[in-house]
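Listed below are the structures to be examined.
Same chain, two partners: chain A is paired with chain B first, then with chain C.
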Partner chain A sequence: METVQRDTFWMISSNYKLMMYIFAGIAILVFLYGFYRRFRLWRRGVREKVRWNDVKTNLSYFYQTAIAQRKVKKDKLFGFMHRFTSYGFVILFIGTVLVAIDYDFKIPLLRGNFYLIYELVLDVFGVLFLIGLALAMVIRARKIRPRLRDGMADQAFLLLLLLIGMGGYIIEGIRISEMEISHAVWSPVGYGLSVLFQGHAIFSGASYPIWWLSHAVLAFILVAIIPYTKLFHFLTAPLNILFHPVKRTGNVEAPYNLEEMTEEERYDSLKIQGVNKISDFTNWQLLSTDACTECGRCDSQCPANNSGKPLAPRNIVTKIRDNMHHDEEVLSFISAEELQSCTTCGACVEACPVSINHIDLILSMRRGLIQNQVIEQEAENMLVRLEEQNNIFGKPWSDREDWSKGLNIPVLSDSKKVSDNQKKEGA
Partner chain B sequence: MEVLFWVGCAASYDKRLQSIARAFSEIMEKASVDYAILGNKEKCTGDIARRMGDENLFQELAQANIKTLKEHEVKSIVTTCPHCFNMFKNEYPAFGGDFEVTHYTTFIYNLIREGRLKIPEKQKREIVTYHDPCYLGRQNGIFDAPRDILEMLGYEIVEMENSKEKSFCCGAGGGAMFETKQRGEKINTIRGEEALNTGACTTMTSCPFCLLMMEESIGSLNQTRGTNMASRDIAEVVNALTVKQ
Partner chain C sequence: MLNICILVKPIMDPASIKWDYQSQEFSYISNTFNSADTQALQWACDYKEKNGAKITIITAHDSEFTIEEKRLLKYNIDQWIVLKQPELKNNPGETAQIIAKELSGHSFDVILTGSVSEDKNSGMTPAMVAELLFIPALTNIHHIDVKEEGLWEVKRSEDRGTVQTYEVKLPILIGVTNTLGRKRYIPRYRRPPKIKKEIRILEKANEQLNVQVMKMTEPRPNIRYFDIPKDSLSAEERLLAIMGLSQDKKEQSGKKVASEVNDKTIHFISQKLQKWLQEG
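For the complex of A and B:
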């Protein structure tokens, strides 16, 4: 009786096998360098430690956002597209890792019933993966979502993924048609293809190694380009969502506390706490910009952007990302007008599926503007009057309670008196 | 004292918006709530300073307010302004200001549910639309209390194209109200159009700044379109429909 197990490197000569391992090695090195290159840039930011206690409570948010993809799902069509491609990708990736464990680490996993279920699961998710990719390509080609930018590169990434997925099915189909495996029905797509392939020279055992190698090369190209392209969000988005989620947009984190500072420190704080150059951002803020996929949900919801003001939240994020490697003044690539156009309404943050906090980025830079006294006259007058009169209109502070006069409204001018009076009345 | 009514700059100083402060204090009077205001000791919470980038001014205002509130042993605060509400709820705790804070929509909702504020028997009233203030809705998750109050009074609510989490800003937040240089279209015009497109009679809101912006844009749109939509704050509506027991 035939044993049910994976026949890795079927028909593959030792030369091809060696080539595959060399490509794999190169791809992994290129990937690691690319990752390190960005990691080094994030580390230039002000160090903000990982709050491990928060991470536990972040898990449910992570589930909602990264796994159930609640925010992506709000756009139904995109919800299907992204869940199909991402779930497909992750399952196929896990499948590939299992092969490496089985073959390279000589831990027999892909045997017997487990192997049959493995084949079925991978075949099914492979189909979802391809449907998702096709959907994404159609959405882009037909410009169904105006928020997306026209990008040849984006289509090329999708095509690359599509070719890798299809290549996997082709080599599976050839293998099944040549080997006449009894349990082939557990790979329904591969089995179907094997029937179609019968008698076609291009899909014969002889051409199999070429198909096989091209599949491997494309997959390694993908691995290598991840940290250099927006595909990096495969890693940075889950990282950002888990370690730096935006649970409530209304909360601005305190960059420092004046009360806890000495006079000297107060002076220093003015220097470091507003963002003037890239390295004034925190490391997590910098990482978050690498999670951006340029999907444009932020722009589509932004009231400033929708009313023709010079602000587009996506540009804020991508400009920080693209200028991260030279530590220049922020104002050399982001204008004060952009920053001043934000109403802090939070629509962008709410819409962002990878948990970027645009408001936090913008407010950090606004603090930088104030330090450099880049402010419009009217706004400056308003702040000066606010400081003098303790109200946003700059009217006399002593008029504040005037509205209540004659209305019999109790004023807590002296707490004891009020509570004493009340006690007397009560008695 | 049961609760401190934090009036905020807008409802204290702006002639139009003072009606919100008056309405809400009359509501508390009707419900026999033991409340007080800080009067001239109240200072801006610093929301606008912080969001315009003046962190130091914000912290100075916050520290002063926290000190005053602690001196008066204030435990519980109610605000009519969602921006003030947000500051007490989310940003003052980092500076030692831990107060129980409620927005007036939740406060009125509770007064009605507890039977302290008597509302007229439910009867069919006009169709209205409700504008979610960013700092109340999206940023603090309060969507239901204002809508429930309106429904308990008998109003029928039609939603705008963008509502709740996706609500569209009135254009006043983050200091934008004080940027005089006009860039692009006015944000409140877009929101005013959304409101008019519902066909409702009135735009209801629960933020003084939103009320100002909506009244301005709907007012001028009424002129050009020949429509007749009004804008009101929920406190004004509740006050007009209730009497002291």
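For the complex of A and C:
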């Protein structure tokens, strides 16, 4: 009886095998370097510790955002597209990891019934993956979602993923057609293709190694470019959602508590001073900008952006990301007007599928603006008046009680007088 | 690099202070600094930010007066000289004396201060300081342009919208108005600059200075533009009336009086003048 198991290197000569391992090694090195390059930049930020309680709270949020993809689902068409591609990608990735465990680590996993189910699952998710990619390409080509920026690079990433997906099916189809495997029906797509490939020289066993190698090379190119492109969100988005200290929509907090700080701590606190240069952001804030997928949901919801103000929250995020390696003054690439245009409404945070907290970024830079006296004149006048007369209108401080004159309203005296009175009463 | 000295007067905020009849004492006292002086200081700090400068503040106050140091320490200054003297407030002219004495030991390129203080409103100290130091003084300045380090162009607005422009050579004492520039908000937790602070406790003045304070104010002209001067007026009075400088109260009637010069008043004055000349 035929043993049901995966023949990983069918028809592959040792030279091809060697080439694959060399490519794999290079791709992994390039990937690791790319990751380290960004990791080093995140570390320049002010260290903000991850609290495990936060992570626990984030778990359910992670499920809703990254797995159930509730935010992405709000846009139905896009929701289908993204779930198809992302679920497909993750399942195919897990499938590939299982192959490596089975073959390279000699742990026999892909055997018997498990292997059959494995083949079926991968085939089905592979189809979803391809449908999702095709949908994404059409949406971009026909400009169905105006919020998306239509760069050649975005289409190229999609094409690369599409070619990898299709390549996988082609080599599966050739393998089935050449090997006449009895359990081939468990890979329905591969089986269908094998029938089509019968008798075609280009899809014959002889050309199989070329298809196989090109599939591998494309997959390695993908691995290598991830940390250098917006595809990095495959990794940083889940990290950000899971570990970024909890800051949810509708919760605009000061990152400090003046009452708990000594006067000296207040002067030294970077958080009060705000962000003036890249390294004043926290490391998690910096990482969060690398999670941006440039989807433009934040821009499309932002009232400031929609009313023609010079603010686009996506640009804020991408400018921080793209200028991270310089550690320059933020004002050299983000204008004060952009930051001052934010109404802190939170629509962007609510819309962002990767949990970037734009308000948090904008407010910390705004704090920096105030420290540098870059402030709108009317707002500044108000602060000056508040400082001089304890009210925003600059009316004499002593007129404060005037409204209550003749109304017989008891007025609280200052504590000294009260205690004096109490003493008198006591006596 | 300019060496700038700013004279800042500590005062009780006159806008809010009130006499409390119940407790028979002042309430709503907040000790602050004369606003025009802080305008001069702000101008100096803005100049320093752009061109670099050394800024020294001199404050003189009664030993009993408590000053709100933070209000000055937040500015980007280099040195602060505090002069304290008992009963300074009862001794008019003494402030100028002690400031001039302190200043004579330094060599500043320019001394900036407010033209008048909000509490006494006399504008005496700056003029006296300049007099005692034998340097020129210009007050009521609302605009400063630094042409070269030693050559400034300053503007003073006079009544009726006239602006006088002066080109001045340093050293000089300049008294500024509250409209010199934009008041800046200095964030409370900005990293404070390193400031050298010197406090001089002075002896009580032995004798009262023989200074008599006289208040001189120019009457505001009333420009009447509807009436033709009466024949009964002398030629000089008629001319004054036409120019709007007459103080003949009887002639004033609400609508016909304007206290500023604009196109309308100029038109009527010229009409009246022509008529008067024809009559002659």
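Going forward, the second predicted complex is superposed on the first by the 375 of 427 C-alpha atoms of A that agree within 3 Å, B and C clash if a C-alpha of one lies under 4 Å from a C-alpha of the other, contacts with A are read in each partner's own complex, and residues count from 1 in each chain.
Convention: a residue touches a chain if its C-beta (ideal position, glycine included) is under 8 Å from a C-beta of that chain, and two chains touch if they have at least 3 such contacts.
This structure is a prediction, so every number in the text was calculated from the model and none was measured.
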item	value
Which superposed partner A:398 touches (first chain B, second chain C, both, neither)	both
Contacts of A:370 with chain B and chain C, given as first, second, both or neither	both
Partner, of chain C and chain B, that touches more residues belonging to chain A	B
Which of chain B and chain C A:378 touches, first, second, both or neither	first
Partner chain(s) touched by A:146 [first = chain B, second = chain C, both, neither]	neither
Partner chain(s) touched by A:407 [first = chain B, second = chain C, both, neither]	first
Contacts of A:307 with chain B and chain C, given as first, second, both or neither	first
Touching partner for A:387 - first (chain B), second (chain C), both, neither	both
Chain B versus chain C as contact partner of A:199, first or second or both or neither	neither
Chain A residues contacted in one complex by chain B, in the other by chain C	273, 370, 375, 383, 387, 397-399
Complex contact set, residues of chain C against chain A	13, 15-18, 27-28, 30, 32, 182-187, 189-192
Touching residues on chain A, where the partner in the complex is chain B	248-259, 270, 273-274, 301, 303-304, 306-310, 337, 340-347, 350-351, 363, 366-370, 375-376, 378-379, 382-383, 386-387, 390-393, 395, 397-401, 403-404, 407-413, 415, 418-419, 422
Complex contacts: residues of chain B adjacent to chain A	1, 4, 7, 9-14, 18, 21-22, 25-26, 29, 34-44, 48-57, 59-61, 63, 71-74, 86, 89-91, 94-95, 134-135, 138-141, 165-169, 171-176, 178-181, 183-187, 189-191
Chain A residues touching chain C - in the complex, by the definition given at the top	266-267, 269, 272-273, 370-371, 373, 375, 377, 380-381, 383-384, 387-389, 396-399
